[in-house]
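Supplied in structure tokens, the structure appears directly below.
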């Protein structure tokens, strides 16, 4: 595990569907992955929220996972989201991803019933014990319904050996301050409009769907931070913020899929009940893409 | 649809598992259904939150659904929860339940991505158009992450013909006041510690897992309300409130399964990551059951 | 203290101002008090939220307090709100009210800085030690910014001898259930649209500004509860609910003052920045008053 | 107004009391002001939250205001908080402050009853119309109970001529992003643990009580930002963050007063119900002050 260095711009993949929404369009998936790598991302994260992982059948999930790993082909590290409602199913996915070449698995404590801290810890411990690759713990109460406190996160990091990275998506910069003050665990930002401040506070990477559309700006922001050029970082951030706000507010699958279509890669619509982008919003997105 | 009269005590079933958690214990499921009916419930609701519907595979869900409907055998009306993450999968479940004899289907707008009001409405409309039985709309932000306002609920009731009942589980009595003031739609209470006040405010029924353990008290409360005997209703409510608080706080699958075990029906544990009841809580539950 | 029995409908007074808002209109205040008593309220509570106590100078507060107590003249018990930002000033007001004949003082833990539980407890203890009349503890986070848990409330009741009543205005019926389950302290409801359910759950009284406008309906609801007539109580509640919702949503000082004007008693406007009722809302209120 | 340039580190004053809490200790107040100016602050803000303005009588408020303005004596600009519950009283304070030499007045929409947006706007307009100096609009829902959206803030800025600065204390960096994206109004940060990110996002100043204790570190952070030295700014921020977290969590009046005592300036305790710092916390603070 020690040689792995996850950092910088970590790009999410979408999951393209056929026009009727029934089948996965693997060809388009492959091309979207090539675009991300050509854009310069430092790592790729399939089957996350943006990848509609939660909306796939188990068979589809396996196929997308295997295909994505093979397509990336170790050109950059791959972080596969393996969250599932039961511990048994999350363990199965984690093993599957590892067996097919995942460098890291990402785990959100997805649940229907609210979990106690002991239940969350046991969930991570069970997954950790079943695989040999590192786990990126993922906190995102907006989608999971579970908000892990910094206390709990650090307890999990301490007690589960292969939980070695933390992705924080609450958008609350104080969580990152606390992680930094109290631990050496590398943390990653999952909230697009916090990109500038998270890097400034010490985040090691930015997990984002934006490189599907504006990879050069995302990378330039990271480079400005590395170059210690604050005013340049600020200017680059405010340049891309309108688009970052737009994709967050409009929903990542809908906006990113529309944006890929607008930039020449047809990937279909999100699965219902999630709507595709409406015409007005699509025109707004077109304007934003032309402006940056 | 017009002849159906869902009212009174609507009992949730649990889903019993084998000791290793891998298989459904259909024999125990059948006995738990017989117990509920023997206890006097006015309707039965399989595969809800308490039934761990979200934690079953599609095959398991189908089997539990078909088995439960056959076992109830029209002795009382059956309301099957058919919620699923995609509209397509919820439609499939709704049709399956109807084909196997469900009198009503219950739909929670389960989602991973937050849904807009238009998306929620379209979800209900699609399910409604695919079946011929009534839908009980179910609002429970604590588990679904989506809080439907009274405005939205009434819009759905108006626009989707077979949404003819509303189950409100926010625990906010003001929602029921608004439903009553602005509409004639029958509403049902899904929040156990609100049982007394919901009936007083005009709820037509109480959807609850409690009749697995204390059916006589649940029914007596309803009867006192029907008899217009406020002081009796109050006394009966406060008598069962400690248990109602306990099962809500301890988590319904864990506490109801433990309570069934304590009262002679072994149904296994909830599926991980949800823990079974610990020893202390089990003793507390034993004391509460003996006290009522 | 033991002979005091605060119960039933506890009516708030407003504080009438002259047309320019500068002076107190004591004559109108006197008449509003006579109206409340003629309407049949079981107790009167001056200088609460509705009475704009927070918007008066210290001199004005003293004058309104003394005048109100004299005007009520022990015809019914009087509960004077003595809340203030510092402990010293709240103590001064409590002593003043007692010296002028208050039967009870009401204390909200008003604050600018958030108070710890120890600070809140010490605040009540200091006030309690300075007077000989009972204190009604008042929990209303919407105006005070401080939410006292049931645990804290019961600790204060236990440790401060003359805190002998609790007024709960969160609108959360579960707080009342907990007070009832864990203590014998009498509790009172301060949330108008919870009037029915609070009585049903065991509240001993309803603190409300509504008897300024519809005393007969308020009293009839209480009587129906005492008569154990649930269906009558429900009908009376839903009859007055539109008005109760309206005065809560429109702001009590603005709506009650407008309603008094509409029913023949001119009491001026609230003090800015609080606006008087606009024309549309005034017409709505007129319609509601005619309907009940 | 145009020549005024409020920026950098804006230091709050405390209000020292005599040992019995009854009188203002003006001598200590004067020395605390001299310390702030000697420490290098770019502006001084008396009678804010830290200055316990809400806990003073009107007479005390006037005296502290006049004394502070005279003591600063235009060595740096002075921003006097003039918030009060009624519009009339806030206007009076604003005029008083202007008459005694205030360069700017700060206004929080303090209220007891929740204010509508129209009421808030009218409140600012009335104060603005009554004075000739600029107003710094202050948003701090944690103390005022009123959260002004960015929309509302910008509407006030547009419609009230002398509202020319915005102080944002929600701690939500996205508010600052929106202010920056949609307007040229200078904004200031009032949340201590957001100091680094607020400057990075473009805040023109940091309103803080910290320079009473660690002025050199506060100024160095600002200088590093001006020098475009991100890594230096980050290092300086994390160096002072433990103290910033501590004073926020412990309450500004209690912790700053204790810290002044520990560093040689006795200023008494906060007024009850706010407690002075306990012994444990005082020792912790001592350790933090020695560490930086």
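Chains: A, B, C and D, in written order; residue numbering restarts at 1 for each.
Going forward, a contact is a pair of C-beta atoms (placed from the backbone, for glycine too) under 8 Å apart; a residue touches a chain by one contact, two chains touch by 3 or more.
The structure presented is a predicted model; accordingly, all values stated were derived computationally and were not measured.
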Item to check | Far-end chain from chain C, centres as C-alpha averages | outcome: A
Item to check | Repeat of interface C-D, chosen from B-C, A-B or A-D - more than half of residue-number contact pairs shared | outcome: A-B
Checklist entry - Approximately how many whole Å separate the CA-defined centres of chain B and chain C? => result 39
Checklist outcome for this item: In whole angstrom, the CA-centroid distance of chain A from chain C equals 52
Next on the checklist: Taking the mean of the C-alpha atoms as each chain's centre, how many Å separate chain A from chain B?
Outcome noted: 35
Checklist outcome for this item: Multi-chain contacts in chain C, i.e. residues touching at least two other chains, fall at none
Checklist entry - For the protein chains shown, what form does their contact graph take: line, ring, star, complete or other? => result ring
Checklist outcome for this item: chain A contacts chain B in the complex at 21, 49, 54-55, 57-58, 85-88, 109, 111-116, 118-120, 122-123, 126, 142-143, 145, 251-253, 271-275
Next on the checklist: Touching residues of chain A toward chain D in the complex: what are they?
Outcome noted: 171, 173-174, 177, 180-181, 193-194, 196-197, 200-202, 225, 228-231, 233-234, 238, 241-242, 245
